[in-house]
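What follows is chain A paired twice: with chain B in the first complex and chain C in the second.
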Partner chain A sequence: MRLKKNIAVSETGFVFDPNSGDSYSLNDIGLEIVELLKQGRSDSSVLTALNSRYDIDRASLEKYYHDFVSMLKYYRLTEERPDAGADSGHNPGIQPQ
Partner chain B sequence: MEKLPFERPVIKKLKAGMPGKFGMKTGVAPVTHIDQVAVSDLIAEHGSPLFVISENTLRRTFREAKRAFETRYPKVRFAWSYKTNYLNAVCNVFHQEGSWAEVVSGFEYEKALALGVEGQHIIFNGPDKSYDDLIRAIENRSLIHIDHFDEMYMLHEISVKTGSKPRVAIRVNMDTGVYPMWDRFGFNYENGEAWDAINRIMTSGKLELTGLHTHIGTYMLSADAYRIAASKLAELAEGLVRRYGKTIDYIDIGGGFASKNTLKGAYYAGTDTAPDFDDYAEAISSAIVNSQISPDNMPLLILETGRALVDDAGYLLGTVIANKRLSDGRRATILDTGVNLLFTSFWYEHQINPAQPVSDHTEETTIYGPLCMNIDVIREASVMPLLKKGDNVVISRIGAYNMTQWMQFITTRPRVVMIDAENKIHVIREKEKLETINSLERVPEHLKKFKL
Partner chain C sequence: MERIKVTVAVTGLNNTDNPGPGVPVIRALRDSPCFDIRIIGLAYENLEPGIYMPGVADKVYLIPYPSDGVDALMDRIGYINRKENIDVLVPNFDSELYTFMKSAGKLDEMGIRTFLPTLPGYEERHKANLPAFGKKYNIPVPESIELGNYSDINRVTEKFGFPVVVKGKFYDAYIVNSREQLTHWFMKISAKWGLPVVVQEFVRGTEVNVVALGDGRGNTIGAVPMRKQYITDKGKAWGGITLDDKKMMELTRSLIAGTKWRGGMELELIRTENQELYLIEINPRIPAWVYLAVGAGQNIPEALVKMALGMEVKPFDKYAVGKMFVRYSYDLLVDIDRYEHISTKGEN
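Our next item is the complex of A and B:
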């Protein structure tokens, strides 16, 4: 899973989807995740980056992360990676810390 | 390196068009303290969910109402509506402030007596008064408000049998221009039934007609309806003087004043639309003062308002159990308090605030309670900040009816605490335990054992 290439994201967290014409707003952590996803980072890589910066346990972080990603999918802002496989981000389960 | 505080990530679709009716602001301010007491301390000490009552707010609201009426009418008496909240501590705050007791059942009558209210200061309303209830109320010289003819004839019978003369009023229902008209209680004004009841009382000589009572509805957003009601009762009172030379002692205008809660489906918030005590007082007082009743015989004005006096003083504290997504992507939050404790969520859009600082980011959220029942919905759609599991919330204006209509369904009821004027916390009702419930049950001998 990755963010569609033509999705515009501003540094203040404003998102514009030229496919639908819809726009969205992100909070700070949402913006950070979207930027990491735009860089092509995998789910586990994003989670590790967030886990090192924020005061939250890994299990809770994964829960909120996947909820957020499900909303990106719901708004059709993502697409599957051509090489989707082992690290596709679908229900990876709780990772040991 | 110290880690940053975490807020769950959120993406929110922006909707173009007109601003909302209350402008663009969508943030929900946290309520971290009740009076001077931290919500987090209350929950840490007494658990979640937790009912909290502010004694300061109770007394302040009562005095506000009293001032509104006493500055407009010479003789005023409030009678605390037990059904609205009959926790002993709450009742006693109102009794300390000078309220009589207004009860609607034998149970409530006993409660008032047990608290030390003298029988003559108890108003006994309601359609269900048993023979024994009436005997006791007559012996105590309580004010019995007759709801129907069957009750009137039962009182006649007791009067003949005991040689007593019960102190009674009749409850009158009427058209005050408000829909729905409450005509199931008492005797109707417009069709002459109220006069019929008065005539039977006056001609029988068995009962002492001391007052006239009405209660026109609940959550009345029109003060003018009370003006009409007071005028009609005043007309009856004046008619009694003309026809029988009888001067009644009091007019009881009942309750039903709206609190500042917002009704479901209402366009504007209750804080903007509900009349205040001055509006009600002006309508009622001026109607009686300007009636044909002689200024020398102005009856005592009794008020049974409950909701408007106690709603603001009550809070329900709760905790987020879980967040989830519904099938259409909507956010849902499950709290540990549901309709079992918040009966009024069936008709109010209760204000729910976080109990800890939150960012300005919000999501439209459906708030569910913890019950395994589909109807357990506290708010269908509420703009809420990004609450996490374990976060606390404060539900405001819940002092009326919830602590009397609560359900013991699948779990026990929580503690109720009162914060006094010095910000000291008092447990005024203990949390129920399994033994509380089991102590009422009996298992037949043949059902005591089983093998699986």
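Our next item is the complex of A and C:
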């Protein structure tokens, strides 16, 4: 899973989907996650980055991250990577279904 | 570059909460670096805001409604033309298009050029003909029934159930949830726009629109897709944003190629939850939100006038995505003498 290439994200956390015309606001952590996803980072890489910055146990982080990513998917802001499944061995608990 | 001196007559100056396209079309033409333009506004009512808005029309004339007959309208256009020497006429109402298309020869004799749809093209995209149109051009459209009289209401309940969308042949569309509501709107719409009234299957989803211009040879000269962000109780866009949607663009190009559409058009589409596009209506003229397309880089009214003048126009190949418009209302102060002039002399 990755963020669609044409999704525009501003530094204030304003997200614009040019396909639907919808826009969204992200809080600081949401913005941080979206920026990491925009860089093409995998789920496990994003989780590791977040885990190193915030004082939270890995299980809770994965749960909140999964909720957030589900929301991105629900709003059709994501797409499957062409190489989907390549890193699924790293963290099967948070890979997309 | 030397500007081309041109006099363009434009209808649809009713910049109200149910806006006509006249004022945005005029704004677009005035933005053109190619034209040294004189605008003749043609109004049906003496309180159409475009009559009084500064910087819109250089001169305004009242014209009779198409329902008064072709002769009355052409006599009036002839009178205006003798005074103003009109080069191009841009009609902007669905309800007047037929009259102007039928009178294209007479207008031509007067030296007035137009760039209108062909009569067969205009007829086949009628709301009542939409299912056949969809089948012919392989475009998904909702099912619909034409109600020619009151008793036809029974056919709606047999075929669709509720909700359905009830539409006038030129304007108005309402979602109705019961037979009582359907009867109410059938009466209202048929009294206002005449018969038939069209009842369309309700497709759930988001309404998206395209403004486009066809050259009559199958080429799309311009096309900009938009989503209404703010909709009035009349279903009109009070705010909108340009989209990056390849499917909408493909559908538009394929429709224009198939129909060899000539002139401006607006496609009204519903995008369902499954991302399917259903064509719910084709308006055979430029829509009132056309200035968004101009702001996004496609001056469609300018291209239309150029084609009416027989100039070669290159198709637009891009537009800005994420360009928005927001309408506003504004109280214009007008001295009584201007109102008096338009009311008594029919010109201002």
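By our rule, the second predicted complex is superposed on the first by the 88 of 97 C-alpha atoms of A that agree within 3 Å, B and C clash if a C-alpha of one lies under 4 Å from a C-alpha of the other, contacts with A are read in each partner's own complex, and residues count from 1 in each chain.
Convention: a contact is a pair of C-beta atoms (placed from the backbone, for glycine too) under 8 Å apart; a residue touches a chain by one contact, two chains touch by 3 or more.
All figures in this text were calculated on a predicted structure; none of them were measured in a lab.
Once the two complexes are overlaid through chain A, chain B and chain C fit side by side, free of any clash as defined at the top of the document. In the superposition on chain A, A:L61 makes contact with chain B only, while chain C stays out of contact range. Comparing chain B with chain C, the partner in contact with more residues of chain A is B. In the superposed model, A:L72 lies in contact with chain B only, and not with chain C.
Of the two partner chains placed by the overlay, only chain C lies in contact with A:S20; chain B stays clear of it. In the superposition on chain A, contact of A:N6 is made with chain C only, not with chain B.
Smallest inter-chain Cα distance, chain B versus chain C, after superposition on the shared chain: 6 Å. If you check the complex, the residues on chain B that touch chain A are 3-14, 323, 325, 329, 359, 361, 386, 388-389. Interface of chain A with chain C (complex): residues 6, 8, 16, 18-21. Note for the complex: chain C touches chain A at residues 206, 208, 226-227, 229, 240-241, 243-245, 271, 321-322. Contact residues of chain A toward chain B in the complex are 15, 22-30, 32-34, 53-56, 60-61, 64-65, 67-68, 70-72, 74-75, 77.
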